[in-house]
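So that you can tell them apart, the chains are marked A, B, C, D and E in the order they are listed, and the count of residues begins at 1 in each.
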Amino acid sequence: AQKEVKIGVILPLSGPLAPIGKSLKEGAELAADIVNKKYPGIGIPIAEWEGIPGLGGAKIKLIFSDSRGDPAWGAEQAKRLIEDEKVVGLMGAYQSAVTKTASVEAERAGIPFVNPDSTSPDLSKRGFKWFWRVTPHETWFTRDLFDFLDGLVAGKAQGVKAVPKSELEPLAVAAENTEWGAASLAEIEKFAKERGWKIAESFKYPHKATDLTSEARKLTASKAPTFLFASYVSDAILFIKALKEMKATPRLIWGQNAGFIQPDFWKTLGADVNGIVSRDVFSSVLGKVKPEADRINKIYKERSGFDFDGSSARDFIGVQVWAHALNAAKSTDPKALQKALNELHIPGKELIMPWKGVKFGSPFPGDTNQNELGSGIIIQYQGYPDGKPEIVFPFEMATSRLIYPFAGWK
Amino acid sequence: MLEVKNLVKAFGGLVANGDISFELQEGEVLGLIGPNGAGKSTLFNCIAGYYKPTAGKILFEGKDIAGWPPHLVTREGIARTFQGMKIMPNLTVEENVMIGAFCRTNERQVAKKEAREILNLMGLTEFGKELPSGLPISVQKRIELARAIATKPKLLMLDELAAGLNPLETKEIIRTLQRFKEERKLTLFLTEHVMEFIMTISERVIVMAAGKKIAEGRPEEVARQDKVVEAYLGERYAKGR
Amino acid sequence: MLKVDRIQVHYEGIPALHEVSLEVNQGELVVMVGANGSGKSTTLKAIIGGVTPVSGTILFNEREITREETAKIVRMGVVYVPESRRIFGPLTVEENLLLGAFTSDSEKEVREHLEHVYQLFPRLKERHKQRGETLSGGEQQMLAIGRGLMIRPKLLMLDEPSLGLMPKLVTELFKTISLLKEEGYTILLVEQNVREALEIADRGYILQTGRTIHSGKGVELLQSDIVKKAFLGL
Amino acid sequence: MELTAQLLVYGVLMGLIFALIALGLSLIFGVMNIVNFAHGEFLMMGMYIAYLLSTFLHLDPLISLPIAAGAGYLLGIGSYHILIHRILRGPMVAQLFGTFGLMLFLRYLAMYIFTPDVRSVKQGILVGKTLSMGWVNVDASKIFSAGVCLLAFAAIYWMIYRTKLGRGLRATSIDAEAAKYMGIDTKGMNALAWGIGGATVALAGALLAHFYYVTPTVGMLFTLIAFATVALGGFGSILGAFVAGIIIGLIMVISGQLVSELKFSFIYVVYFLVVVFRPRGLFGW
Amino acid sequence: MGQLLTDIFFFNDRPRFERVGFLIFILIILIFPWIVTSAYGRAVAIKFLLFALFGLGWNLIGGYGGQVDLGQAKNVGFGAYATALMIVWWKVPFWLTIIPGMIIAAAESFAIAYPMFRLKGHYFAIATLCVALVWKELFIFWDWTGGARGVEIPIRSGADFVYMQFNSPIYYHYFIFFLFLLQFFFMNWFRKSKLGYAVQAVRDNEEAAASLGINVYRTKVVNYTITGGLGALGGSFMAVYYLYIDPDAVMPLDLSILIAMTVMVGGAGSIWGPIIGAAILIPLDMYLGAWLGAQKRLGIDFMVYAVIMMVIAAKEPRGIWGIIERKIKKETR
């Protein structure tokens, strides 16, 4: 019989975050498929594999489990996957709160938990021995944001003259009141202070709100030219709709990933997204600078009907990390895997991400087992409804000119 | 034992009890009659603490209990039954009575014993473990009476206890009442529209009409007064007597 | 007009009526008496469709209504004034009365009946704006009866209408009932005032533990030993 | 000053929608003393109807209003006949439980059919149009919705308090058994209440779809607000739902300015305070 | 004293089949982790005991008190936070955090009970719901509670009886079973106590209860206060069991509703009801989620669960215990 390696994947597949959970799941499934079957011509090693070479061609089998967005439920599913399904390791769980409880189970059981998709800085600061985070975390992304802003002022953005700082200052920030939103806001405030950016208005709002008109009005009333958001998709939509209703005229709108990169976001808002920028880890236009990404995107689009995006990309790379680790360990023994993960180094060219690679270390103070070679990008929606999320940061990787200032809504 | 002085109870503009005064001696049986809406139940409710009197005093063994909440009034020694029964439907008959007995004890065993004794005296033992809701009205009325007695009252107030009972059942309940009155030294204050009941058992009767006391005296005397006949009893009784 | 044939009714599997049969003819005043819990109210409820008999039949004007919906039976002209009165507490006296005429479509008739009821019970007119639940016990009883008279029913069923009424009103009530009978109403009456009821009744039935054990002319029943012993305690 | 005025406008407009959403809940509660946890799911159904008609048949969402109302009516009546009348005899907890089941069922049925994706209505005469009225810019569809809400309230109010049918409904709500003795078809009345309740909330959904997104889980957000609205106004009171809806709309915008994070708390605290002093809500009997 | 012990530990007022049933139940729970080796099965058993514990507490207000309280989650939250914060801040041993948690929950319940009990029926239900949601928002809002980022208790290795952390679920199994029994015997005493009867009398008819010398208001307040305290007990357990808590996890509306539902499904106002209800709902929910969740098409697990809920509500509104009791009655007749 075919040898199989089971990996448990915990994701929010029902509840309010289900739309994102769906993207994550599809990304992981594609990666597993690419590992298991030959996909010639993509240009990354796993596409050449048929199963995991180091394990004699054993196939990766993903066992998905719904976290329901509930930390307790997530922990119970982790137990089930670990002991009853006998998975060799875990992956997930998107919401940092769920990742926290689920990874405790892995830590106790002594099996690896690879986390490709949670961005709360806390997670990699717990000193766990069985937890590896692949994605950059919020500290990183926020640093990118301020690099981007400082870059604008310095005139580094392609096709945009140096922007006087006074044109972008002060900032106004709205973050949802979840673990992730709170972390985002804290990071933004920290960096703003460090880099000398004034904040006119910053607040948390109740996520899954019924109405955000008042909050949007608060942003416009602050007269700040730059709006920063940390919102899931439903709230992101409400914010943009409300701002449009008020004919707000910010010069820059930046979203902290999540809702701002969901297909639902631009599908719902159509042309109204043009000019909005968001932090991300992947864009389908990456193909312009990284042809492998384009090939993956094509396959993905055939399967799911959408472009590959930041969410699907993250769980894709999660599976990829698993595949490389298993290959290197040549065993499914936890200790061997632990060693393999600790020593893992995937060079950037083997990834579809615009990263320098995957290697776990301590990029920020307090971090352990955190990928230190990752990086973020900032995309801008251009030419929607038929457009693409163009990369505008890092400046040297830009696929299109930055549209600045934000043109307003029709 | 009980002395009501210038009691007034008004609902908005409607004066349900206007300046009522009377006294009740220990061991006495006092009847209260009067037309529908005269304010009898209101008076009961004022004494038992369900309504706060607008003015006036209610002295029970020297203490002014006007405005006291019902449970304190009961603990002072005044128990009551309700016009239109208020049985606790999800508790068994025995438990209904036990809860009354808990008024005087904290011990379940004591309360249980007391309840069983009263049920036995009332001839209700067979229903002890049943839920009261399906039982006939006459039984429910006796349960309510048993429950009130279980609180070991000095004064027992009965609001239309015999309503809905046929003459035979009425006679039975009078007998029960009289027995308890003897054994437990109860003072009774009751209102009733069934003349066979009230006229037999009462030693003295107060007549109310439109919120005022209009007559007082021994039952036979009162029943003969024209104003009582006219306001309350009607021709049939006038003829009968 | 009404024919109840050996009906049996259970409450949660426990029989309340074993075998009850009775008949009411056009224009008659029929009285049902019986000890507490003998099943009088249950019989009326079965007729009006409030409970469904497990066996037996009920015919009204030759039509079987054993399993008919209450609302339909009421629309056929049967009115039931329940023992527990069932006043619409938060509604005013007048609104309560108007609901009694829910099945009537003629505005004019409704007005007439309203006047009639107010004549019968002046107390209600006095209180017509008061909320039903704040009426005294007796006043509520008047309201319940008045509500039953808001249409001209083919059959009027009263369950212990004298309950809680003062003696004077009881006397008047029985007068009113005889009056109604004379006006041509057909009435089925349940009463604990056995003597007064049987005096004005055409016929009577005696119920005992869910069975009709005896029937006969009103006055005859009043003389019978059963009634004397069991109800009057003579 | 300008800000205040703008907030008032936004608050009242949103409040009217809340009121319309709450109307059906209040009516259903009034007639049969049952709190419908699935109310928000009815709203979601109304929204999906507007979405489907707009996306697949290219119908203007305005045209879908009556269709949504009709479908909501059927959904209400259907729920009544299939489930609700069976749980009416149970205690309050069982009723809550039953409608909670209905809520879960409808929500996940929608998730099964439509997937969890977020959708919205993109075309329509009023969709995305902004009216400028000098100092305030307002979405045209919100103004239109407000108008529809007022009309719906007037119609329902008239029906309940001025027609015989309404008297029948009220009688049923107070004492269903006694209402039966009056010749009122109480089952019909209950079904009617559910029908109207479903119709008004689905109508609100179709209106909401003009400027709000649709997803299977959208209902709960509104259910909780509708609960607070209905209870604040007084269960069963039409006028109460209306006034409370507007109050809640205003609290939302004002608290959104003060401490946005706690804005639902503001609503709940106001509810709590009101009810402590008026235990049956602002207009409850 | 002897009487008190009998009241706590004995069921001599209950029919024989109940006593036998209870013994069998205890035996099953005792040997459960030895016959079931599935980790998920054990997790289900632990969650079952946890919700049976919650249900027993809620039964006080919801069953015996007849008041629908949809805010029990706030008390769970108080317990969970008291334990988690005390452990994280001051390293207080677990066992010393239980009582403060219960006291905080009871004190809060006591404080709001006075205004709360002006309300009846649905107004009360919605008010409880609102109060719980306000607390949840506050816990998210405040920084000192960790806000939305929650509280993480550091992992300890091995079996630690001071902080009640274990690698093996078997320990947790007996640990929660112990807490469950504590509460169970408390309830056994309660239902037979004077207070227990007063609570039921008030539920059935407030005016009648008052006429029998019961202070209606005080009875309700005391009952609500105890309910609050009992809710916190399970919360403390959750903190050391999951090792991470946040307001969405320990005080959401769903939790309040699930607690109420276990009682309702089992049969409110009976000591067995919450146990039966939890024994049905928790495994049902967890196995449906494991088997039918995460499918290609989402939502089937919830739909099946929802249908079962509706059927129970429609067919047996008085709960499963109602059916059992009736069956037994019929047989013994």
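Everything that follows uses one rule, which is that contacts are C-beta pairs under 8 Å (C-beta built on N, C-alpha and C of every residue); 3 or more make two chains touch, one makes a residue touch a chain.
Everything numeric in this text was worked out from a predicted model, so none of it was measured.
S.K.: What chains do chain A and chain B have as common neighbours?
M.R.: Under the touch definition, chain A and chain B have E as mutual neighbours.
S.K.: Taking touch as defined above, what minimum step count separates chain A and chain E?
M.R.: Minimum number of steps from chain A to chain E: 1.
S.K.: Taking each chain's centre as the mean of its C-alpha atoms, which one ends up farthest from the centre of chain D?
M.R.: Using the mean of the C-alpha atoms as each chain's centre, the farthest one from chain D is B.
S.K.: Would you identify the chain whose Cα-based centre sits farthest away from the centre of chain E?
M.R.: C
S.K.: Report which interface contains more C-beta contacts, comparing C-D against D-E.
M.R.: Greater number of contacting C-beta pairs: D-E.
S.K.: Between chain D and chain E, what distance separates the C-alpha centroids? Give it in angstrom.
M.R.: Here chain D and chain E have centroids separated by 32 Å.
S.K.: Mind checking the centre-to-centre distance between chain B and chain E? Centres are C-alpha means, answer in whole Å.
M.R.: Measuring from centre to centre gives 43 Å for this pair.
S.K.: Quick one: report the Å distance separating chain A from chain C, using the average Cα coordinate of each chain.
M.R.: 76
S.K.: What's the distance between the Cα centroids of chain B and chain C, rounded to whole Å?
M.R.: 28
S.K.: Give the residues of chain A touching no fewer than two other chains, as numbers and ranges.
M.R.: Within chain A, residues 14, 18, 22, 177, 204, 206 contact more than one other chain.
S.K.: Listing for chain D: what residues touch at least two other chains?
M.R.: 108, 111, 115-116, 216, 259, 261-262, 264
S.K.: Mark out which residues of chain B touch at least two other chains, giving numbers and ranges.
M.R.: Chain B, residues with two or more chain partners: not present.
S.K.: Tell me, which pairs of chains are in touch?
M.R.: A-D, A-E, B-C, B-E, C-D, D-E
S.K.: Going by the contact rule at the top, pick out the chain C residues touching chain B in the complex.
M.R.: 11-12, 14, 33, 35-37, 83, 123, 134-139, 141-142, 160, 163-172, 192, 194, 230-233
S.K.: Can you check the complex and tell me which residues of chain B touch chain E?
M.R.: Chain B residues touching chain E: 48-50, 69-71, 74-75, 79-80, 82, 86-91, 95, 98-100, 102-103, 106-109, 111, 147-148, 150-151.
S.K.: Which residues, counting only chain E, touch chain D once they are in their complex?
M.R.: Touching chain D from chain E are residues 62, 68, 70, 115, 118-123, 125-127, 129-131, 133-134, 137-138, 140-141, 253, 257, 260-261, 263-265, 268, 297-300, 302-303, 305-310, 312-315, 317-319.
S.K.: Sort out for me which residues of chain D touch chain C in the complex.
M.R.: Counting only chain D, the residues touching chain C are 164, 167-168, 170-171, 174-175, 177-188, 285.
S.K.: Within their complex, state which residues of chain E touch chain B.
M.R.: It is residues 3, 7, 192-194, 197-198, 200-201, 203-205, 207-216, 269 of chain E that touch chain B.
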